[in-house]
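Below, each structure is written out as structure tokens.
Presented sequentially are two complexes of chain A, the first with chain B as partner and the second with chain C.
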Partner chain A sequence: MSSPSETTDTGTDAGEARTGVIHDLGYRPYGGPRLGEGPVAWSFFTTGLRNTYGLGRSARSKVLPMILLGLMLLPALILVGVLVQAKNILDLDEQIVAYSTYPLTTQLLISVFVASQAPALISRDLRFRTITLYLARPMRRSVYVLVRLASLTVATFVLIGAPLLLMYLGGLLADLPPGRETGRFLGAIVGAALLAACLAGLAALVAALTIRRGLAVTAVIVVLLVSYTVVSTIQGIAVGAEQEVVGEVAGLFSPYTLVNGLQVFLFDSPDATPTPPSSDAMGVLYVVATLLTVLGSIGGLMLRYRKVSP
Partner chain B sequence: MGVIETSGLTKQYPRVTALDHLDVTVGEGVTGLVGANGAGKSTLIKILLGLVPATSGSATVLGHDVATDGGRIRALVGYMPEHDCLPADVSASDLVVHMGQMSGLPYAAARERASDVLRHVGLAEERYRPIGGYSTGMKQRAKLAQALVHDPRLVLLDEPTNGLDPSSRDDMLALVRRIGREFGIAVLVTSHLLGELERVSDHVVVLDGGRLLRSSATTDFLHATGSLLIEVQGRPDADRLLGQALVDAGLVARPADGNLIEVEVRDETTPDVVRDLTVDLGLGLVRMQERHHRIEDVFREGGAGSVQPV
Partner chain C sequence: MTSPVVSRTIVRLGVRSIFGRWRGALLFVLPAVLIGLSVLARALVGQDDEGARHTLYGLGLVVIVPLVALLATSGLLAPEIDDGSISYLLAKPISRHTIVTSKLLVAAACVLAFAALPVLVAGLVLLTDTPSYAVGFAVGALAEGVAYCALFALLSVLTRHAVVVGLIYLLVWEGLLGGLLDGVRWLSVTRWSAAVVQQVADVSLVDDLPLAYAVLALTVVIVAGAWQTGRALRAFNLTGDE
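Take a look at the complex of A and B:
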């Protein structure tokens, strides 16, 4: 092979002779740094994270995630406003809505976000077979899967965590006891992270299995909304029939009630469901079920992508 | 040392043998890989990228073993897949920058390289529009650009002229030749159309049913056959008249395609004999040229009947 400088020279001459275009500098080889696995994975992660909010994509794809983020923050903003302005009038000494309850109240928005963005990130590469271009590059297949999942998880975490942060700052501003608030907030943030991991894992798995985008959106919505509706209905009936254990077991089958139950058990958060885990054994079961959901969806994704041919 | 070397490379799928004890050496410059659909071209490329394991045998690319060093190879090699692989909702510019980063280029370098290679492949203003609206020719150019963005030492182009109209095909072939000659990047280009490779490659490897049929320099395929092609006019049966006269003069002559006469060269006076006889018959000599083999002649001799000549 000729040396880089020679290549540049011949490229310049031949390029000008061939096309006669004055701007044609010929082919310039690249002699700069080439980054390793870590920085490449990081850049892949940040691109994916930006893409879930429509950044770096078409203007149209920014609309939905940005509206959802706005809608998530709006109630928190109002609650903070009320707390700060009317704390003394209403005689409040804690958050109007508990941190751990907020994701359940806004579960529809979160579900729609995950359902719309998981296919944008996961199904797209499979549907257009862009995955071939990634596989033909140094990044390993398992890293691809984990990084895609991480982008979706962190995007979901930002959506769930941002209003909690707003409420926390509002609480400090309203002179709520800082120690107690910080403890509750940190518990809620851990819960938000686990909820994001569960939701992103399930949604990514469904999106990877249903390659068509519209189908994937619908499938994720159905899985998340239907499971939540069924679970909360069963819990309501269970309380009425005084069969709390049935409701506690049912709570394992929706990510929202599952993670909320875990927060009640681990961080002593206020109940947001009619039947939180009441015994230690049930609490441990909630923790195990949460971990199984996260690890299971990672395992499922790995199996799914092993079958993707380059 | 060759850019690509395989020895006894075999790939067995449950029902078919895609590659059968293949021993091939590919050097610098442009190498054409010819074979009918299903001859094992794409399988060979995927093994060379380290994406598909070989059943037995070994292969090295740029000195790295494909079985153990796939990541290294993929950092140094560019790959243009045969099938569609471009997402519809991003612009070629964004995609090529992103793919450059995925190959380890820092962001600024990736941007500069992307703009360079997009210019080389001939994507002008349209590079900023979403790929979904591109013609097949523009998509092929974008696919080629992403294979070149990281300044690879070798590019594997799988059927780059697939689906192109004749003029786009000529452009693509000219580009392939420029990559090999001016850019100083080794090229392995596959096609099932022989005439294309005859024009651009320095070396041709012929596969048939997973076996190596022939591997030699393109010039060997095109060597002179030792006969002359003659075209005369002046009368409707001019070619037959001259043919008869040549045979009477003791030369071996036979009709060839398109009212031409093929004469075997006996010694250096043969052209003079042809000229004199033509004048004696009162005919006009339109052309007299050496007859060259075409690659497809080699195929006919080799027995790979299923390959389509252009």
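Take a look at the complex of A and C:
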């Protein structure tokens, strides 16, 4: 049916020139069920998670995250190979590199991943104002922030956790004691989750503050890399000067040393830094600092997004 | 008519684009961290060669100086290419080499102010009695920083993702592989400048890298980088690579 709509009734006089007609072509508005905040947030979360690995984006956006994931897995694969092949020759009865040490060894790759993907998730929405479209959905501002952060955290967790899982499975295949390995592995996974949360929180906060992508990448790298280098330099000097307490306090200021110290305190993992927390009070301080980092960056993000106009 | 080697207007605009808004804040943070750490190290261990070497080389030459160079250079060229306003600059009757030289001059001044001088101050704080140590590191930092500037300028003309590519180069090639594989020293700006530092200061940073080679390599990178940037700018494609 394509009859002129009723608005043209006034101009039925044949001699009068009609200037504009709106036809009712019979299109129907969407009348089905509309999903609420929960499903919107869930699909937003999965989209964000896929996007961090370049899935659903252009081919060139897949290159970097996939290479980084491959580079993260490569040393684990080699370690497992050595463990399985040379277990008897080298007389090994535990992992060559401890689970809790692995993220610290590969921290450059993790930093690059977080620094390249945090701006992809956070900065572009702000810079190109796509955030307006998201906030027009039935999803509150705080949920937007939490979901973005969750996508980044889970993506980082996958990056850190995947090689640990590989090492764990390899260790079981190589007949390491399953009970002990499982305990250590679970401790390392908790550590990986906390590290992912700290890194994602800090990176997201920095990315939300610097909207330009290139600058945001640099800023995140500067925060993660410089803090780690400074902390490890101080720790090295502190050990030389036999002032371990200074090194332990310094360890609070980089996510990598912080979470490693926490693992040493909570799960009795082998220490990967020169000065892990030695006393109970210091260990508790590490736990508190980790929680503060995560909660503080969420709070900072909430404050930042309060000012964003939809 | 020969155009001047340096255009004062471009220099002035370059300074503004580096310090515009709070982009420049990072440039102040990095040297502050270096000097703060050296004060702390001095307080902890006194005048100690080992601590000074860790701070000035491990933090200063390997991390701070390249990052300052990257920040300065990417703040000069990349934003203009990003938003397309470089076409107004290229449309002016100014030699492309003059544009590049002027911009690199600003970047080099940044390196002097935010990398070389802080390294000098940090060196003096760490080892007050042997000023040659601080001077050596400052000279090395300046040479290294200018070479990095030329390299990153070329990179930002070649690709839109200059910052990310530059960071990956710094982290993976100079940082990760440079620390693991000794052979990288022949192709690493940081190691070349370390060889220069060794000449002035009494310290051992890299083994078996002749000074003449290091100086020559640094000069080649600076001159060839600047020249090639100018050439790349001559055939610059405004649509970019996306």
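Basically, the second predicted complex is superposed on the first by the 283 of 310 C-alpha atoms of A that agree within 3 Å, B and C clash if a C-alpha of one lies under 4 Å from a C-alpha of the other, contacts with A are read in each partner's own complex, and residues count from 1 in each chain.
Assume a contact is a pair of C-beta atoms (placed from the backbone, for glycine too) under 8 Å apart; a residue touches a chain by one contact, two chains touch by 3 or more.
This structure is a prediction, so every number in the text was calculated from the model and none was measured.
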Item to check | Which of chain B and chain C A:187 touches, first, second, both or neither | outcome: neither
Checklist entry - So, does A:30 touch the first partner chain B, the second partner chain C, both, or neither? => result first
Next on the checklist: Let me test your reading of the model: by the given contact rule, A:115 touches which partner, first (chain B), second (chain C), both or neither?
Outcome noted: second
Checklist entry - After superposition on the shared chain, which partner residues are touched by A:246: those of chain B (first), chain C (second), both, or neither? => result second
Next on the checklist: For A:214 in the superposed arrangement: first (chain B), second (chain C), both or neither?
Outcome noted: second
Item to check | If touched residues of chain A are counted for chain B and for chain C, the larger one | outcome: B
Checklist entry - First (chain B), second (chain C), both or neither: which does A:222 touch? => result second
Checklist entry - Is A:296 touching the first partner chain B, the second partner chain C, both, or neither of them? => result neither
Checklist entry - With the two structures laid over each other on chain A, which partner does A:236 touch: chain B (first), chain C (second), both, or neither? => result second
Checklist entry - Which residues of chain A touch chain C in their complex? => result 64, 108, 111-112, 115-116, 212, 214-215, 217-219, 221-222, 225-226, 229-230, 233-234, 236-238, 240-241, 243, 246
Next on the checklist: Give the list of chain A residues in touch with chain B in this complex.
Outcome noted: 1-2, 7, 10-11, 14-15, 26-30, 32-37, 39-40, 43-44, 47, 56-58, 61, 124-125, 128-130, 132-140, 310
Checklist entry - Which residues of chain B touch chain A in their complex? => result 28, 46, 49, 51-52, 71-72, 74-75, 77, 79, 81, 83-90, 94, 98-99, 101-107, 109, 113, 116, 120, 130, 146, 150-151, 153, 178, 181-184, 186
Next on the checklist: Quick check on the complex: what are the chain C residues that touch chain A?
Outcome noted: 23, 26, 29-30, 33, 37, 40-41, 44-45, 48, 50-51, 54-55, 58-59, 62-64, 67, 70-71, 74, 78-79, 82, 161-164, 167-168, 171-172, 175-176
